[in-house]
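Paired with chain B in one complex and with chain C in the other, chain A is shared by the two complexes that follow.
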Partner chain A sequence: MSNDYPSRLSFVGTVRPGNTIEARWIIGHPMDSGMRVDDGGKRIFRNIIDRVRVRVNDELVLDIEPGTGLSANPYFAFPLSVPAQGGTVTIDWRDDHGRTGRVQQVLPLEK
Partner chain B sequence: MKHPHTPALVPASTRLPSRSRRLLALAAPASLLTAALPPAARASETRLSAELRNRKYLPDGISIDFPPLADTGNAVPITVEVQAPAGLEIRSIEILLPENPFPPAIKLNLPKPQARYRFSTRLRLASSQDAWVIATFSDGSQRGAFAPTVITSSACFDET
Partner chain C sequence: MPTIREAVATGALWLCLAQAAFAQGWPADARLSGRAFLTPNLARLQDDPAASPIGLWLERGATSWTASTQGPSCQSCHGAPGSLAKGVAQFPRLAGDGRTLINLEDQIRACRTRSGRAPASGSEDDDVLALSAHLQMAARGQVIDLQPPADAALRETWQARLSSGAQAWTQRVGRINLACVHCHDQNVGKTFRSEVTSPAHPTGFPVYRMRWQALGSIERRLRACYSGVQADLPKAGDPLLRDLELFLKVRANGLPVDGPSIRR
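Then we have the complex of A and B:
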């Protein structure tokens, strides 16, 4: 699964119901563009993360379609609004080789 | 590598007094190389670059934080903030890199349309170019803005 691709999800801002915080997600993925060749002159096939879906408590809040124009080890920072009861943020991704991964984190509610 | 704005490139007769020249150098960066040149002067430009400029998008409400000079195109940070016009909401935001082999760099679909959205990512650039941000609103209308950048070594292709 996703263990070959280390990733980190963090939250910036006060995690309090109703607030909008910034979520920052980075994942160690090569994002091969398909335009490069290896040392033996063989073409390295395209392998990028081509779909990312962000859910808060199973509700889809962001649907990202990345292209080859993103850097290796892609980084995304986006706003999230904290639901009244708090909850869990889930990020699902998929790449061209069919690998999928899921990153899940509970929103650390502050009093 | 020689910096593109090296003053020695300017013939002595056309040089401005030094203070003005310094001010000009401050104001100059990337815009001199790209935006300020007439279209004919930009020799190797893709059709998409020209087409995006011809579409005459309204840039209001879109702000782009993008470095005017990036050393390599491998990972250039960009922050985009979009404010929808009154009464409308943002449905999607797309970044196009017209001089890349595959221009669509990223598209964000917002299932819950929002009036304001701000996000950051890192782009891979094949050459110096204008990064275009195009926002689509709830009535189907679009606005677009661009930010130019100059890079001195390419990503995407193998040169390393």
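Then we have the complex of A and C:
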């Protein structure tokens, strides 16, 4: 598992059990579409994030299969319901080169 | 039946009128940062730390600033980046040899080499850009302040480089046969196809350009301009680019630094 690509996960809204908040995730990935060539004229192989799975406390809440239409440094924003006892949000991703990464963050519960 | 030439001419006339009408919505002040020309959406993106891609570089810059895996960290000599804020707004300046003009990225590259880090890969190295963004962020609000050196010999060199930059600013180049001055001085605030022409005050570098999908230095931006008018591209690190940057910065003296920023 590597985390070469920088990424950040943040939550917007009041993190309270039962509330729906917005999770925002951005990752610095090149998302090469496979259509470009480098300065020497050689084709740059396709390398996009092709699978993103979001889990809250081991429960799969979102499963994305991004395509080549996404730009570099993709940004995802999605609603998330905060479970009763709070918990951890885990994002696993995988790209065409077989790299995988995991971003994990505890939901900062507000009283 | 109108000939093709007539049709094109009429079309061009309407286009010009349409552009003139459009142009009124944009500021035409010659002393504005490029930020004033952003669409509201992009301005919002730049201000949102969660969504702005610049944050990725800023985080990397902050990590790199304190990292001491290869040689001493930046922090061990310079302290917090804020201590350099004044200096950041004074680049480009003459290097120690009294002849070479260096900009902030050159200085970072030289500093990295001196302190034993792996050499930067090319002119748009991510780590160099990240450190540059980190420093610019700390220098936000500082006023661009370029003054000729006190020493007479150095001042003469500096003045010569400034003149060379001014020359580049007014020299027509490329197949399009335009000089910088034709758009960024005489037609500020008007649209050039879908682009609004800004007065080219370099306050917001490094910039995350949507077209590049990456952070880029002022050098990359200037080279993109040469490419835009279909001129011979100056090589990365060409002294001409530093001269032009010097001229632009002197021209922007007094404007606050507001980088790193997002551009189309």
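Quick note on the criterion: the second predicted complex is superposed on the first by the 109 of 111 C-alpha atoms of A that agree within 3 Å, B and C clash if a C-alpha of one lies under 4 Å from a C-alpha of the other, contacts with A are read in each partner's own complex, and residues count from 1 in each chain.
Keep this in mind: contacts are C-beta pairs under 8 Å (C-beta built on N, C-alpha and C of every residue); 3 or more make two chains touch, one makes a residue touch a chain.
Since the structure is predicted, the reported quantities are computational estimates derived from the model, not experimental observations.
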| item | value |
| --- | --- |
| Which of chain B and chain C A:A72 touches, first, second, both or neither | both |
| Residue contacts on chain A - larger count, chain B or chain C | B |
| Chain B versus chain C as contact partner of A:S33, first or second or both or neither | first |
| Those residues of chain A which chain B touches in one complex and chain C touches in the other | 31, 71-73, 75, 77 |
| Contacting residues of chain A [partner chain B, same complex] | 31, 33, 35-37, 60-79 |
| Sites on chain C touched by chain A in the complex | 49-51, 53, 55-57, 59-60, 210, 213-214 |
| Chain A partner contacts - residues on chain B that touch it in the complex | 74-76, 79, 95, 97, 100-112, 117-125, 155-158 |
| Partner chain C, residues of chain A touching it in the complex | 6-8, 10, 12, 24, 26-28, 31, 71-73, 75, 77 |
